[in-house]
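Got some structures for you, see below.
Consider the two complexes below, in which chain A is the common component and chain B and chain C are the respective partners.
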Partner chain A sequence: MTGTVSARPLWRRLIGFNLLWGIVLGIVGFYFGWWLGHQIHAESLSFFESTNQNDVALMLGYVFALVGFLVGLGFLNYPLSRMRGHRATQAEKEEGGVGRYFTLCTDHKVVGIQYLVGIGFFFFIGGMNAMLIRAELLRPSPQLFGAGNYLTLVGLHGTMMMGIMTSGILGPFANYFLPLMIGARRMAFPRVESLTFWLLMAAGAILMTTLLFGGFPTGWTGYAPLNDEANYGFDSYIFFFALVGLSMTLLGVNMIVTTITMRAPGLTWGRLPIFCWGAISTALLMVLAAPVLIAALLMVAFDRGVQTSFFLSSAGGSPYLFQNLFWFFGHPEVYLLALPGFGIVLELLPVFARKPLWGYRIAVAGIVGVALLSFFVWQHHLFVSGLNSSLRPFYMFSTEAISVPTGLIFLCGMGTLWRAKIRYRVPMLFCLAWFFNFFIGGASGVFLSDVPSDVATHGSFFVMAHFHYTIMGGLVFAFFAAIYYWVPKMFGIALNERLGKIHFWTMFISFNSTFAPLFALGLMGMPRRVVTYPSNLQPLNDWVSVSAFVLGASMLLFLANVVYSLVIVRKPAPANPWDSHSLEWQTPTPVPLENFDRQPVIDSDPYDYGVPPVPVPLPPPAEAPAPG
Partner chain B sequence: MGPIWARVTVIGAAVVVLAALIALYVGNLVTEPPTVSATPAAAHEVQLKLKTEPAVGPQGANAPWVSYLVQNPEGKWIHSTIYQVPANSLVHVTVYQFDSDSGLRNPFLSQVQGTVGNTMTVDGKTMQAIPPEEASHTFAAPQMGLIVPLRGVPEEAENPCEEGPCSLKQAHETITFTIRTGKPGRYRWQCFVPCAAGFLAGFGGPMQTIGYMDGFLEVV
Partner chain C sequence: MSDLTIPSDGSEMSDLTLRESDVYAETPELHERIDRIGFWLVGGATVMFFFSFVFAYFYLRSLDSNGLWRPAGVDPPTAYGILIAAALALSALAFLYAARVARQRGRGWGLPSGVALLLGLFACVAQAVEYAHIPFGPQSGGYASVFFGWTVFYVVIALISLYRVEVAFAAALRARGEEDGAVPEGLTPAAVYWAFVAGLGVLSWIILYLV
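Moving on to the complex of A and B:
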């Protein structure tokens, strides 16, 4: 938490470029676009005229809302200033106080905290939707929401989690710590860094507006022809994922350029922290995969708004095309969620095992291998869609082959833990749980990559159990490991260890109690996204729902820990509470505005535990007070 | 950071605001059409009067959507598809059908099933089936074994109703039938004719939304 507190009075700060004005101009922009859409919307443009749904107006509303939002936040100030011939500055970085968290800020540490809070907010909403889904499934027939709203809830939960959480680790932790870990003063493109965050927040807000327009019935995949049939509410899905895709692409470019060009002297690729390898591999996937999604959504928008027929078979288009484009993004996206988790876990293991990372180069090969192979597996999602059956063996083989680099990562993790004197602190517990969960997720994935067993389980709760084990069991557990590990550096205060352990055990047990039975439900034939189910499945569903509620309660325990530790007690944490050798822990807390007083020079790798300790630089001696 | 009491107060206020927002969110989602009771007719017999309109108009949130409506015991037409009827009773149903035909894709559904005598009357004439292509909607509750096809208003009919509220002075078909309810429960009913004009293949929109072309029979 750096920077100086602004001396301007509150009222003066409120009328500057900030979130408040972003929201105001966003609303004004929405109504302008809505009005404009109704002016230009010709009768012949609307395929769905009889539904009285003017998709063009709604889409223009979202476009102008986004423009207004970004103008209100101050994103046009710099380009306009440069156009007027003013010198390039980073004035946004100088702004101090709480206000910088609510506007465009070019300090990567501020952006990291913005991401942490923003993503946490949407993660809470996504989780709440999960609770509502499980409440509905307490009984075999619809009882609370009805089929339409249930589908919307399922879609909102899946879309929000899969969209927002793709930046769940890169957003907060890579933005904050990657420059510190590589000895840089900032990210390569600081304004772009801030833009990625605010695009994500705009996306989340737009997705929530679907409730005002009737929701959407497609789940998170948004398949054609459902995406053409769907109400108004589907337009918010289009804009949400397109903005998330844009945010991911820009975030990825920024990470790649920063890592390649801004590493400190001596930080060779062979010394790059493994978390940075996870981040840059994820960034590569983002840059290559997300634009395909954006293009696909643009085509859907045209189909819905201006009567093109890219995905309408009745007019010469192909719904399969959408499935292919979606999963060309969608399967790498699964690894967008997993790879940062690999990076976090391998980064933390040596710290708590007090041993060097075993097989560093093998681990890097595993991470890069997963990233590359992830582009050659997407059609396993289409095994039962009617694709050419001669393609099945290739995609079956490529999908099963991805377990090889994943196995390398496990191997390195196990090698690091072998004969180690492990410190079972909260971050380490989450890392160990990650191995347990991801193993179950990975092993069950083999059944879905194998054509015969996939045909039997496709579209069932078995699939849902599998991907929750990989994504929640992988990403979210790694996310919490990262929070407990790095919060002392971000805020200068550690989270309470006892509450953290209660949170961990409650979450770990209830997570497994929630998702393991879903394998059985899937094998018994319970389909996804259907509000009703046979009454003989009720006991198991009730067990799952109660477990899910306990899982939800464990998240509230975490929130209670955050409030207790960061707001109420506020006990300062030691400068390096985990005795880490990594570069980010060698900076003072709070981290200065420019990170380092002088350019660091790297002469060892960050995992040299077990060798004589690296001397920690002492702070400069305080000047003696002048006599008299 | 201010004193601890100020921090706790802010946290308390935030929790209250958050709880209110969650309640609003959930409340908005659980909203469904009102449950309308059938009108008592005699001992163990009730009367249920329905009408189908080609576009619900200002009576519903989606004015262009085709929809069912129901008459409450006070004689007022209500935009709802959740009907409460007594268990183990006879329900005399009258449907005033204002929509034109869309045609059934599955001819099996053109046969009357599950009513008393497996028959219905259309404009006073007893029938056991209609030509599939003349169907405008169905009133079908699979769990109760009930299927009643509703014949559409002919295209050449004079004074057709384009948008609700439709009046009985306008062209319509009057369909009556009687069903015998069994044990209490919540039974899903729906229209099986792909009648959602403007949606691909006639599905989506009103076909999947409670309050329009599907709903529940609450047997109590």
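Moving on to the complex of A and C:
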């Protein structure tokens, strides 16, 4: 694994396995699949004659587009080499320079930065959708898009955010820092690591193509029977989420195997950084929950493509089957988004509180407890669907029980802050805001786990306020904490502190100003996904919309900070600007290709801030020389 | 690479100590362990994937919407089911034997790997042939939906899993004539995983054909 900087001219470097050829072959693959699908349509599946669309053609188009994309990026080279009997290797021949960010790269640090930029791009698109939604809701009646397009917009926003942002912390930060934090040189499966990123990018691009095929009317949940009946555009949703699920599964496997097998000597489970616990708990959820989503979506694809009837009760199926399978994934999905945030916040608190993490083992138990309990709560999403009422108490209590391990995590956070000399730097501000936001999100979640109050608020803006407080207030605030904290390590340059604080306060205030009123709107009966609302709700909606625009503008402040700090000023950051004890800060910046020149050996806990160092025993005195 | 930049005297790290260990090389044992744990986790994901079809099978069967769970005549040919399950089981046994031989003798895994590959491919082809002779279509109710969904994606996963069988076979071909051909890394975990997938195939046969 040695890096060499290529001296070839640009035009020569464009020829080969890279993003350019991935896109070219992806487009070629799409048209081949489209053509093939129409051949099948014409010749074998006669029952398509009664419909005006050929889902098989579009699905095959996506399949072959994906294959072409991956071939162009070079993902088939290694498997084909192995199939010809060549030996296994751990890494691709890496090239230096910018080119490695546009191809299959087995350096986990490159993949981390790829994730950061790629996810940032789709986060921006999802955010723009939110701005358009709020623009539409400035008036009680449709003004910009109409009901159908509004529904597609809501679906695109939700699907993009829930799908792409699932890897929002694990993708950039765990890929980059988990090997560093455990003293490893690489991820266990470096090619798989790269594959997870490019699958996610392909998924995002496929979801965007839904606009070319009429969008989809289901929102992010894709419920049956609407999913069977929707037009072409829903195929994009299917492939998007299936690819996201595949990416998540592989990402999870890689994280867990890396943590189990590649920890440095002395890094026992009791010394594992809490962020790594958050990452592998999330990874476990990914491995066990995402395959269920993939299977459910493939069933939908079969219903639409080959006329099975998984979700059609008129033909022996049941729409409830989809709801159960979807939420068996969908509720752990919520914790896929939240758990990495727990890990980030608890990782950063001791650094800025200059105290050991209070109750490390309790915090670990809380994180693992949330992860395990999340598999037993999914039917609270179906309280009003007509499920057997005798099931309600179990799911109500199991959902309420999840607040116990969550409370343990809060307890550990508060214990860490207690009587601490806190440094109010930008990452710490985001961490503190995380506690505020997640508390509101969690407390409102108790109302939704309770059957009587859930029945009253189901499908309303109250639910939307709740999950934005948990997901945006939890995940996105933790995401920005992580960015401000780790950018100096990733790029050797710190983001501007003053601009960072302006960004934080603008975002924090506008976030709460946007989503707190939604609780009231929900209680006043404003439903989700509907473009019209009673005119008496307009003042509050206008307030929310204006706040949302300010929230969007706060993201521009962040981008301005990035450009100012990383492009214009480029002031080198200190080697360890936060005085962190964590292992990733003990390597040089930029981090060498193999992370450590020699294997680190860990012989202390990760959060011993403020603890006096153990005195080193003096060597025994040398014997006095014999006189004379 | 440059020298270690981490101060070994702990001047910047009062609490965390790094010191040079003897070896930082990756051993074959580490690679074997990575493969083994990786396969177990992928096995867990595979179980959850097929759990969805098992759930669909029993859920739709218990609901029997409009009496269309399994209309009369919706019965897959038992002979095909037995043939496919038997081929999968034999393929798994052959590959497990190949891994055992490779572990014990360091060679001789080629022939059983080839047999395992052929039997595995035969099972997949037999499944495709069954579709051409089956007396019902995907649109024939709940059971038919589950049958087609489950078996199609089982074949897809079986083909993906056979990749490692083929890799072992190809490595054996390339190592022909060598006194001590290099055993491909992770052969034993790959064999265990293929046995696991074949076991899922046998379980599929039991549920779809016998229950």
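As a working rule, the second predicted complex is superposed on the first by the 588 of 628 C-alpha atoms of A that agree within 3 Å, B and C clash if a C-alpha of one lies under 4 Å from a C-alpha of the other, contacts with A are read in each partner's own complex, and residues count from 1 in each chain.
Please note the rule applied: contacts are C-beta pairs under 8 Å (C-beta built on N, C-alpha and C of every residue); 3 or more make two chains touch, one makes a residue touch a chain.
What you see is a predicted model; the values in this text were computed from it and never measured.
Trainee: Taking chain A as the common reference, can chain B and chain C both be placed on it without clashing, or not? Answer clash or fit.
Mentor: Chain B and chain C fit side by side in the superposed model.
Trainee: Would you check which partner chain A:132 touches, where first means chain B only, second means chain C only, and both and neither mean what they say?
Mentor: The answer is first: A:132 touches chain B but not chain C.
Trainee: In the superposed arrangement, does A:145 touch chain B (first), chain C (second), both or neither?
Mentor: In the superposition, A:145 touches chain B alone.
Trainee: Between the centres of chain B and chain C, viewed from chain A's Cα centre, what angle do you get? Round it to the nearest 10 degrees, please.
Mentor: Computed from the C-alpha centres, it is 100 degrees.
Trainee: Considering only touches as defined above, state whether A:602 meets chain B (first), chain C (second), both or neither.
Mentor: A:602: touches chain C, not chain B.
Trainee: Would you mind checking which one, chain B or chain C, touches more residues on chain A?
Mentor: C
Trainee: After the superposition on A, what does A:225 contact: first (chain B), second (chain C), both or neither?
Mentor: first
Trainee: On the A-aligned overlay, A:567 touches which partner chain: chain B = first, chain C = second, or both, or neither?
Mentor: Touch status of A:567: first partner only.
Trainee: Tell me the contact category for A:314 with respect to chain B and chain C: first, second, both or neither.
Mentor: Once the two structures are laid over each other on A, A:314 reaches both partners.
Trainee: Can A:99 be said to touch chain B (first), chain C (second), both, or neither?
Mentor: neither
Trainee: Looking at the overlay, what does A:581 touch: chain B (first), chain C (second), both, or neither?
Mentor: Touch status of A:581: second partner only.
Trainee: So if I take every C-alpha atom in chain B and every one in chain C after superposing, what is the smallest distance between them in Å?
Mentor: 16
Trainee: Can you give me the overlap between the chain B contact set and the chain C contact set on chain A?
Mentor: In chain A, residues 314 are touched by chain B and also by chain C.
Trainee: Which of the residues in chain A end up touching chain C in this complex?
Mentor: The touching residues are 47, 79, 82-88, 90, 185, 188-189, 249, 252-253, 256-257, 260-262, 265, 287-292, 294-296, 298-299, 302-303, 306-310, 313-318, 320-321, 324-325, 576, 581-583, 586-588, 592-594, 596-606, 608-609, 611, 613.
Trainee: Help me check something: in the complex, which residues belonging to chain B touch chain A?
Mentor: It comes out as residues 1, 4, 7-8, 11, 22, 25-26, 28-30, 32, 62-65, 186, 188, 197-201, 203-205, 208-210, 214.
Trainee: Which of the residues in chain C end up touching chain A in this complex?
Mentor: Residues 1-6, 10, 12-21, 23-24, 26, 30-31, 33-34, 37-38, 41-42, 44-46, 48-53, 55-56, 59-60, 63-66, 68-71, 137-139, 141-146, 148-149, 152-153, 163, 166-167, 170-175, 182, 184-186 of chain C touch chain A in their complex.
Trainee: Where on chain A does chain B make contact in their complex?
Mentor: Touch residues, chain A against chain B: 48-52, 128, 132, 141-142, 144-149, 152-153, 211, 214, 217, 225-226, 228-231, 312, 314, 532, 563, 567-568, 570.
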